[in-house]
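Shared between the two complexes below is subunit A, which has subunit B as its partner in the first and subunit C in the second.
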Partner chain A sequence: MTFALVSGVVVGAIYGLFAVGIVLVYRGSRVINFAAPALGTFALYLAWTMTHERTTSWWTAAILAILATGAIALLFERLVVQRMHAASPLAIAVATIGLMLLLTAIELLFWDPSPRFLPGPLEGDGIRVAGLVISPTQLLSLVVVAGLGYGLTQFLRRTDFGLGVQAAAMDPAALRLVGVPLAEVSGFVWATGGMLAAIAALLVEPTIGAFGPGFMTQAFFVPSLAAALVGGLDDVNGAFVGGIVVGVLSELTSWAFLGSSVPGASTVAVFILIVVVLLVVPGGLVGALRERLRTNLLATATGGLS
Partner chain B sequence: MTSRRAAALAALAVVAPVLLGHTTGIASVWYRIVAIGVTYALMTLSLNVLMGYAGQISLGHAGFLAVGAYTSGLLTSRADLSFVIGFIVAGLVGGAVALLVGLPALRLRGLLLAVTTIGFLVMMTESVLQWRWLSRGSAGVELPRPELGPISLAENSDYLAFLLLLFLAFWILDEHLTSSRLGRGFLGIREDEQVAASYGIDIARTKLTAFVLSGVLAGIAGAAFGHLALLVNSSTFSLQFSLSIVAWVIIGGLGSRVGVAVSGLLFGIFPPTFERLITWDPIRDHLDNLVLVIGATLFLVTITINPNGFVGAVREKREEKEADAARKALRAGLDDAEDPTLPSLPVPPARHGDLAPGTTVLEVSDIVVRFGGLTAVDHASFEVKAGEIVGLIGPNGAGKTTLFDAIGGFNQPRSGSVRLLGRDLSDLPAHERANAGLGRTFQRTGLAMALTVRENLLLAQYALASYDNLAALARTSAVRDAEAVLGARADEVIEALGFQAFSDLPVRHLSGGQRRIVEIACTLATAPDLLMLDEPTAGMAPAAVENLADRLRELRDEHGRTILLIEHHVPLVLDVCDRIVVLDQGRVIATGEPDAILSDANVLQAYLGERAARQAGLLPDDDVAGERDGELVG
Partner chain C sequence: MDLVLKPGVIAFVACLLLVASLAEAFERPDGEPATVAIDDAASPTPEASPSTAASPTPRGSATPSATETATDGATPSATETAGADGDGDTPSTDPSQPQPSPTAGEPSPAPSASTPPSEPPPPVGPREATLYDDDAKTVGITDDRISLCGHAALSLAAAFNTSPDDLNVYWEMVAAQGGIHGRTVDVEWKDDAYSGDTAVTAAENCKSENPFFIMGGIGFDQIPQVRAWAEQNQMLYLHHIAVAPSATPTYSFSLSPTVQAMGEQFGRHIAGQYADRNVGIIWRDSENWRPGRDAGRAVLDAAGVAVVGDHGVGNNQGVYTQQLNDLRTKGADVVWVWENALNAAQIINQASSQGYRPTWVVFPFQTTLDVLSGRDQLQIDGVSSWPSYVEGGYGGAFPEYGFDAEIAAFEQAYATYRPGVEPNDLLWQVWVGNKVLHRMLSDCGPDCNRNRFAGMMLDGYRMQVNPACPVDFADSRSVGNHIGGWRFFSMRSFLHGNNQLAFETTRYCVTSLG
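So, the complex of A and B:
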């Protein structure tokens, strides 16, 4: 079971990274970017092509793939999202499905459906925790996730632009009046969302092994959405925590149903989690817990005073 | 569709493929290709019911298809039952599963609902459809071609005949749906849930009905597809496939029966056709994927241009033209007709008939509404008697509309009660209050903007048609008679309004004043005992406002209606109201006849501030200075 817990944290961190990309876009435009995992897969194909058909190093290929994915997301924002300014967020979210279908179709067209493998950047044996070998790439991903999480939070809190991002979806008209560059904010959240998806995909692929067209969508789509929802959908830190929650939940369920005749039990658990969170704590589990904690602390504090 | 036409089409659907199949040498695979298109059209039609009509986004539709295909497969191949039973049970199970998936829709809307439907689908493909006792691992479920007694549908051409019949049945059902109160209920909740509730539409029930109906159709469509494919497994109904169906429906045009059917048909037929026709290898090898790329690009372009799809864009262009023509026609007939006045309308008798004067119609007691820390309505109480016009006035933010919402069941008061004709409505949801006899308009103009004037008038009469959903789908003669009555009433109103030229235009093409008038006509069409108007003059031209006073009096005197009126236009209120209730900061600060209200110190203070009221000589000098004003003066 400890095994499941540890691997839940490792994979959960990746869910969290996807989820943060989704949350950023949601903050900036009230749209759920259904194409986030598809952008991740696309980055894998780009990186694979650079490392296998050229002799680019993993790091160069990864950086180029991340930038290219960000550019694709930005292009989508400029060509589609900006033009749909009069449409509902729901319609734009449906448009992201179009992006996802398009990326997958392009993968099928230019590469073939056969599975590919992209090794990680670091070699070595890794370390053992509770019987589980954590590979160097997994360690790296934990570090990257933590670093990105901290960096993003600071950026959103401390800079004017970051505050603009935080406020962007609330009242566009008012924000324009106070000088928030809404077009830049929108471009930023979509591009960053794309890059985060690329980073997540590159970090998780070596652990999973092979990938194919539309691969990330199949495996990461629903868990990342669940992570974002558990975090409250517009809470960056919440999304990381949500990722861990979902990761641990799915690994524990898989572990509990190991060898039974029920395959994919974790997807059932994640579906139930989504429904329960949305119905019971629509503001997100993390937000609700934080609120509870705050009231309790406040009660203790004021209780102590009286 | 008339029954004679339906019969002719049915005969054609059966005879044509069967005859062609048995007499000509057209390769069997071509019938199969057309059959794929027809099954895709069945799928888009079934999704359109939920997404196009009822506005409930479902990205997991392939899950319902899978349920149908698996059900029919298990029943026909393993239990050896007739395919008739297979299809029927497939529909029933599809409906039942859709009901469960639809339950979260009672609390969730839009994107969040979409997420749960994706979660459902992934659970199906990754787990349920792979359960060993269901599918024997990844091998899947076999679906033999149907046999009915001596008739075997093993030939593709014969099975195509069956599919075409099924398509015809879907089409007719869809027609029945959209021309009945059930279909209008779907459109109502898609357009505006509050307005729908104010017409007595049970939002929760209607949403679930849409899920169930869509699920039943999807179950049958899934079975039809399965018996064509002969074998289905979890990868048949992938997320990719599910999202593609959504794309086809949007490209075809949400809510457009013809559009989505054609779209499904073409997306089914084109890829395999190209594959057979194009023989140039470099393209042929990649044809499948090329079609996918083109399809996805087409989808992106369509939704960027118009979220309602290609058909939506064309429809809107045409409507713009018609709206222009209608405006010109109206202007030619009248001098200053951009904002027409409200004429005398035919008014259906109120639900509880004529009330004896002096009967208490509405009794509001001690209502408190809080939003967070803000008390919007603070222990408000008042009464409205039969045959009265009561004005509810107060400065901006006094809580008038919030109080309206509390009376109508559109928010949750902390305490207090609402009684209509002695019946306690406090615990009833909005639609039941509407059905009890409350009719209301909305400050923001409560109309289904994408529906035509006539459709809005029919929608408003939702609760007045008393047939049930199954009768609606079968379109029994009782349904036809009831619909004829509703239609005649709608036409009478349109004629009285002089809006014939606009009657088939979506109301969003009308001017603000025209919309107000249509809204009032719709609310009157619900046959309410109490008519609650929320700022009816907002958006109206001055001439129309004067005229409104006459109409309100006419409703009271000639039709015996009781009216509660929120209005900022004080001259109108003083002119027309028998009594006035003044609200300030959520509290009722005065109640009385217009003259008394006009000289009430509290009211003047609330409206003008004490200082201004005193300077204008409206307050006696010895009045004690109010705190608020004192602070302001410093």
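So, the complex of A and C:
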């Protein structure tokens, strides 16, 4: 069980990173970006091409792939999202499915569906925790996820632009009146969401072991969306926590149902979690807990004062 | 049987020619008695022993030292005897005999790149089935052309820098040599994107082009859907490996084994090679995959093999940590992965990253090996219904099947017709399959039509053409003579060239890998 917990945290951190990208876009535009994992897969192909055909180092290839993926997301925002400003978020969400399909088609056209493998940036034996070997790349990914989470949170809380991002989806008209550049906010969240998906894909791929066209969508979209929902679609920190919750739940269920005749138990568990969260705490588990904590603190403080 | 006997006069002529061809077959120019060619079941078929390719050198440079015989005791059908060659100039299909070049004397644009089965038409074709009326039975076939259409994951071809047209090099070569009974074979391919629904759409697109029959490429999940569609739409359908139909089909046939038969052979291979080891299984838990695992598991259980872990997984599950950890914890040192190429690669790499390196048993696709890390420490076996391929990696293996000679011809053909295309195991599989189809269309005769073609199989068609395994639609397991592939290969990985991992065939066309 400890093994399942540890592996759940390792996998969940990646779910969390994908989820942050989804949350960020949602906060900035009230749109769920179905193309997030597809952008991650595309980054993998770019990095793979650079490392294999141009003998670029992993780090250089990764940085270029992340930037390129961010640029693609930004391009999509400029060419599609901006032009659909009068459309409903649902319509734009459907457009992101179009982007997902387009990227997969490009992968099929210019690469192919045969499996590819992009080795991680770090080599070595890693460390063993509760029987699970955590590779150097996995350790790196945990550090990167934590660092990105902290940095992004601070940026959103402590800068005017970050506050603008947080407020963008609430009242765009009012925000425009106070001088927040909405177009830049929108471009920022889409580009950052794309780059986060690229980082997540680059960090998780060495663990998965191989990838093909659209692979990240197939394997990571549902748990990532679940992580975003569990954490709260408005809550960047919640997305990380949601990722860990979903990762641990998934691995624990997989462990508990090992050898049973129930197929796909971990997927079913994630779906049940989504339904329960949407029914009971539609604002997200983390948001609800935080609200409860705040209420209790206030009550305590008020009680103390009286 | 849905067969209609042709007029008596044709049958009479057929008998005369049958006697004549048999007499010729038994009398060789040097006066030595010859083995009756063609009928694999009637004449014992050599099965390369496991020791055959157990050489340490790539591609089994050792010549097989012994052969096993395998016979089911069945007698050859009229179809096969009349149609296998038809002219006495037999394409010596007995694999135990040296293989004369079937194209000797024929024009060859690719000097050493042509080994299609010999052409001269049998004077009498097989009996006709009654699937189609007079108009429908000649759909897709004219005096100078046979139109075929296939669904396959075409993007997989692109994986090797090839286009769908590159799959048809064999037919280009045949056309350059005069075609089959004067007909060229044109094959149109539609992408099924590895999806059952898309495959049905692809088949519908095929049908709109009025092909002689539709072919179904690799894909456990696509074929059953297309097969159901083909039955509903009365479309002649030849497909690759698929789960056995629940009822005898009418329009669907296969030259490949069923999913159940493949799974059984995985079990036999493991039980035969690793009986004293702890075995784990990771398998795709879906309706089109599960029957294969069930069949293999039954074999392992019956053989008393210790199956210490047995885990169903979802399609594209992505993370297999729990399953692999369980198998490692329980000491599984042989793991059967009943999954596709991508997922098998992920499973092996994830295990390697955890320091878990059992002997793997997988479907032997080169594309899986190409993405494995730590390849010098991996031991991987393959079980398949097709022979292995490594470019230029031949050197004397399985001469009774003309294995190396055919690879040389295959490479020469691609060098001639597609100089920019690098031969690979996928094209090799297609090449071998096309050669079998060539032989079938040839045996169908100059008056071939869809009823006659189906009738061959329904009548228990048997034949063998190098380097393919014998086809036997009369096998007792062939679901009303609709399944004709009952031979198997085992392979193992080896390092060659620049630390490249590849498969080499260790057993060739055996009836059982046990």
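Going forward, the second predicted complex is superposed on the first by the 299 of 306 C-alpha atoms of A that agree within 3 Å, B and C clash if a C-alpha of one lies under 4 Å from a C-alpha of the other, contacts with A are read in each partner's own complex, and residues count from 1 in each chain.
Basically, a contact is a pair of C-beta atoms (placed from the backbone, for glycine too) under 8 Å apart; a residue touches a chain by one contact, two chains touch by 3 or more.
None of these values were measured; they are calculated from a predicted model.
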Clash or fit, subunit B versus subunit C on superposed subunit A: clash
With the two complexes superposed on chain A, say which partner A:Leu108 touches: subunit B (first), subunit C (second), both, or neither. both
Looking at A:Thr267 after the superposition, I want to know if it touches subunit B, subunit C, both of them or none. Which is it: first, second, both, neither? both
Partner chain in contact with A:Val275 - subunit B first, subunit C second, else both or neither: first
What is the contact status of A:Gln218 with respect to subunit B (first) and subunit C (second): first, second, both, or neither? both
What is the contact status of A:Ser88 with respect to subunit B (first) and subunit C (second): first, second, both, or neither? first
Touch test for A:Val178: subunit B only (first), subunit C only (second), both, or neither? neither
Check whether A:Met100 is in contact with subunit B, with subunit C, with both or with neither, and answer first, second, both or neither. first
Superposed model, subunit C segment overlapping subunit B, candidates 1-9, 73-81, 199-207 or 253-261: 199-207
Common interface positions of subunit A, toward subunit B and toward subunit C: 108-109, 218, 261, 263-264, 267
Taking the touch rule as given, give the residues of subunit A at its contact with subunit B in the complex, in rising order. 31-32, 79-80, 83-84, 87-91, 93-95, 97-102, 104-106, 108-109, 214, 217-218, 221-222, 225-226, 229, 261-265, 267-268, 270-271, 274-275, 278-279, 282
Along subunit C, where are the residues that touch subunit A in the complex? 153, 155-156, 158-160, 194, 285-286, 309-312, 314-319, 321-323, 325-326, 329, 341-342, 345-350, 352-355, 367-368, 370-373
Considering the complex alone, what residue numbers of subunit B touch subunit A? 57, 59, 104, 107-108, 110-112, 114-116, 118-120, 122-123, 126-128, 130-133, 238-240, 243-244, 246-247, 250, 286, 288-290, 292-293, 295-297, 299-300, 303-304, 307
Which bits of subunit A are touching subunit C when the two form their complex? 3-4, 7, 11, 108-109, 112-117, 119, 125, 131-133, 135, 206-210, 212-213, 215, 218-220, 250-251, 254-255, 258-259, 261, 263-264, 267
